[in-house]
């Protein structure tokens, strides 16, 4: 058994006849950030969803702190409480205020006292530059602010690791920076993270390792510097070239 | 009277107490592309909507081929038939097939014969790399393909000018390239365009002029090269710096 | 009893000459259209077929028709739900016969003939119920009583028995009987002929506790359109039937068993 | 670029206002003409006095109204009780119908049958079956009070309608909301209760209100079992005096409840549209 | 990284299947026990023979069914005609209520009144008012056929319900769809007809079906005006023979229409959810 916080071994997953994941191996060690890159439809979201047990896998194993969490005997709710996940579309609860969004899980899932949950929510929001907005509804905030709330919501339960699924791709470009810099801060504080992203510059800067997902397989992985400057596989090169066309490299 | 296809003069617009546009002046000459840049909330979408008469302006005038189209006596439906508009979120009609989406306006708004409208729709779709997908529903397509359909839908009525509202910002980065290259082709064919965009590289390459919208006013405009390398206004500089942070410059 | 209603006083105006078949203003000329609700129960209608001439109200109708000069084949029966018998505007019937009690208020909406029957109310219960052996109206005070909507029984109960609990009111005799069978009510109050019929035909172990008169008498008349010219002729026919004894013999034939229930005071 | 004529704004404002004014004028005039015409035709018709006295008689109204009002309390109490049961029962059925676990197939089948049958069968028949059938079974321990039995029958019938409304609402909430709720560590039940349902209910307020209003009126069906509720009292009054006015009196009582409910709902919907219109404005 | 144990997949599959099987078993057993228990209690109760003969008598069924079936055609014809009118009228009212032009305020007020009043007033009262009131006015040119008048009354009442359902549907379509339709050059009317409405209707199929089913059953109210439709025939049969079985027979006819409708709708909804689930999958 390795000392990884998160470990994925030979995970496969199909939707109907389509095999979306074809044997994924991956490990995230403590305080590390792994970047998951790859084209749309390559299976990034599916992998993160499977790790968070939001989808059943067909085969393989996922370990959290050495424990097999994909065992049918394992209680998914308990696992999800130890992980934090942030989605591309924020997925804030539109019928709750910002503070309610953040305090919901500590209170209901972790049994934290209501007053305390709100107090802590307030603090966290303040730390992420959202003081004074606690009682507003999510749709009053800009996209960048909404995504910051989503990050705070995931952090409020003090997760063992964070799963970030393209958390900036629904944002207006000039709002991307503020969210990325928060993730950068989290990394500096030692948060363990698995980050699906399209922000190559950011991946290069923050990630300890970059994995290129293609057609349900990690066909190339390694040091960020090398991955972006000297990719070995033709598919990786093609992918990076397309981003270059879109001026995203 | 200038020889501009589209001309905007002193346009103001408020939502309730908030003044969103504070006197916009702008002209797009034939075969020209003007890029409209600016932060989220600066009023880009509002301006384009006002030009397409999807919103009433408070003051000022908009001219299309020298004719005041913002006059209350002017029939908005006729004006919209002469302009094409593409939205950030594609806004395809989800209950119609791709071909029906494209053929709807020629048939219903321009009285083109049904058979002919579909024939022409088919041709256009094929030219934009969508042959064989005519009878699928929009949600079966990738974002890039959907946005290409939206472009085809706007072109199907042979508009005098195109209004493009951040048409790539809802796309996965590796799909951005394909849509941008279509717009590049349109420019080459001489299409007159007003383009709100966050893709600075693209704006720099394609636009004849770049206008920086800040807080409802065009506070700086000019040659793309100069705008990006030597912006005069402090607000422009700050905006560009933030994009730099997000690695979008 | 209360005085004759306004409609009966006009009877004198009718003459034999105006009451011939050809002189009458009918819904369908040449035919006497008679309305009644569906289903009709014995002893008023037999087999739910008013046209068979059997049953008290069917027989009365044919007797009136004969007086007016109609042959039985010239009498046409139509279904008139009770609640539509008093709708304003044109009527689909020449007269409607449906055990309708004559009251002055009702007479403001329709015209009534002079009464063809005066019905006593009866209390019907199941053997073993707590009111089985009641001998006076006072014994019924604490009973839960059931009645049928649109009948005089409800006001009879409220005005004469004055029970301590509100009576239960049902849509038709079927529901009323079901409630009695289910013991949701201790007894039901209906007109006497109906009580006898229900006891004999629809319930086993039922008993008519007794009969009582409604103050002023529950007098039934046929319903006609307000101000109908036919009213006088029908009244004339009824009074002829009464004076010739024919009404009496029809009543005896169909309502004979009415007598043998004890009077409740 | 040339300058904007200074009087443009004023001219535009004027033109707009003139157009609006003409529109209003046309609408008002046409409404008044049509309605006034109809009213004139009705009021001058030869039958109007007869219609007026049978449907809109002030004296009949005055004498019947107090009784009807008193009986209306049965309606109100029964309505509130049944509505509470229906809201819960309908929700349970909807939740069962939306589960997908193969293990729950039998329950799903049962709830589908419940909905299909109880929605398809006339409510009055359910009232008969429960109201006359249950006491006829002569089982001890079962309720025999006709009001209670009628209430049970109404609750059964309406739970089927309301379950379908809830189900439509639940389906309309995007699955990503449930995923987000599970991801923060809520259980399936909590995710449903705290995240999906509040949004689902908000979206089906209008059809729910439709069913409330229907239920309020169908409370009158309980009268076939004997109780004297408002509409029955009105019917008795109508039959007694051969005058339909008491029914109008009863209808006014219904309106006094339903119209404020509808207005309140309109306001709630307007507000919830402002606040929770969705995540990303597309 | 270590290798995956080869038997993992099989083990997991097995465990999953065992769990599912146990779940099914529990569900089946509990359903059977509860239903069987209920059935046993009912069937062995001392009153069951009486209940059976009054509600479920085969001979009463056989004798009444042909008459009821014949009368059912009136229901079917009337239902179809009224439903068609309701769908159009309800739509018109909903469209008027969703306009915002200040000029149309009087029309909006009228349609709000229409909805509030006709939804709040018991349908039976509308049937009385139209069915007895209109002929009583003695105006020439107006229909006097009770079936037609009853149909008009039902259409008025249900148009109010259906208008509210449509309105909810229209509000649920994102304004950007309308903007896109206008932008390609469609008129307001075309945008509504071709783009907004098709999507709106799909979203409110379930509550619309609820209202269809209610209407189908309320067709029976027309019988107060005289026509003998199925439920009325069943009631007469029931009252005649002191047996409720004919009502069950009528209910079976209703179910024969509504259950297939419900199943069809379920399938339509499932399909439309697949095809038009929205633009961007968030």
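Brief remarks on what is shown
Going in written order, the chains are labelled A, B, C, D and E, and every chain counts its residues from 1.
Methods note: contacts are C-beta pairs under 8 Å (C-beta built on N, C-alpha and C of every residue); 3 or more make two chains touch, one makes a residue touch a chain.
Because the structure is a prediction, the values reported are computed rather than measured.
Each step here moves to a touching chain, and the least such steps from subunit A to subunit E number 1. Common partners of subunit B and subunit C, by the touch rule above, are D, E.
The chains touching subunit B as well as subunit D are A, E.
Counting contacting C-beta pairs between every two chains, the top pair is D-E.
In this assembly, the chain whose C-alpha centre lies farthest from subunit A is C. Note: centroid distance subunit A to subunit D, computed from Cα atoms, is 45 Å. Once the centre of each chain is set as its mean CA position, subunit A and subunit C turn out to be 83 Å apart. In terms of their C-alpha centroids, the spacing between subunit A and subunit B amounts to 33 Å. Rounded to whole angstrom, the centroid-to-centroid distance between subunit C and subunit D, based on C-alpha atoms, equals 40 Å. Multi-chain contact residues of subunit C, defined as those touching 2 or more other chains: 83, 87-89, 178, 181. Across the assembly, subunit A contributes residues 89, 91, 143, 170 that each touch 2 or more other chains.
The multi-chain contact residues of subunit E, meaning those touching 2 or more other chains, are 19, 50, 54, 128, 132-133, 136-138, 176, 244, 278-280, 282.
A complete list of chain pairs in contact reads A-B, A-D, A-E, B-D, B-E, C-D, C-E, D-E.
Those residues of subunit B that touch subunit D in the complex are listed here as 1-2, 7, 9-10, 25, 27, 58-61, 70-73, 88-89, 91. Remark: subunit B residues 49, 52, 54, 76-77, 80-81, 83-85, 87, 89-95, 104-105, 108-110, 137-139, 143, 146, 153-154, 157, 170 touch subunit E in the complex. Listed in rising order, the residues of subunit E touching subunit C in the complex are 50, 54, 128, 131-133, 135-138, 144, 223-226, 228, 235-240, 242, 244.
Residues 39-41, 142-143, 168-170, 172-177, 180-181, 198-202, 239, 242-243, 245-248 of subunit B are the ones that touch subunit A when the two sit in their complex.
Residues of subunit E that touch subunit A in their complex: 1-4, 8-9, 12, 15-16, 19, 282.
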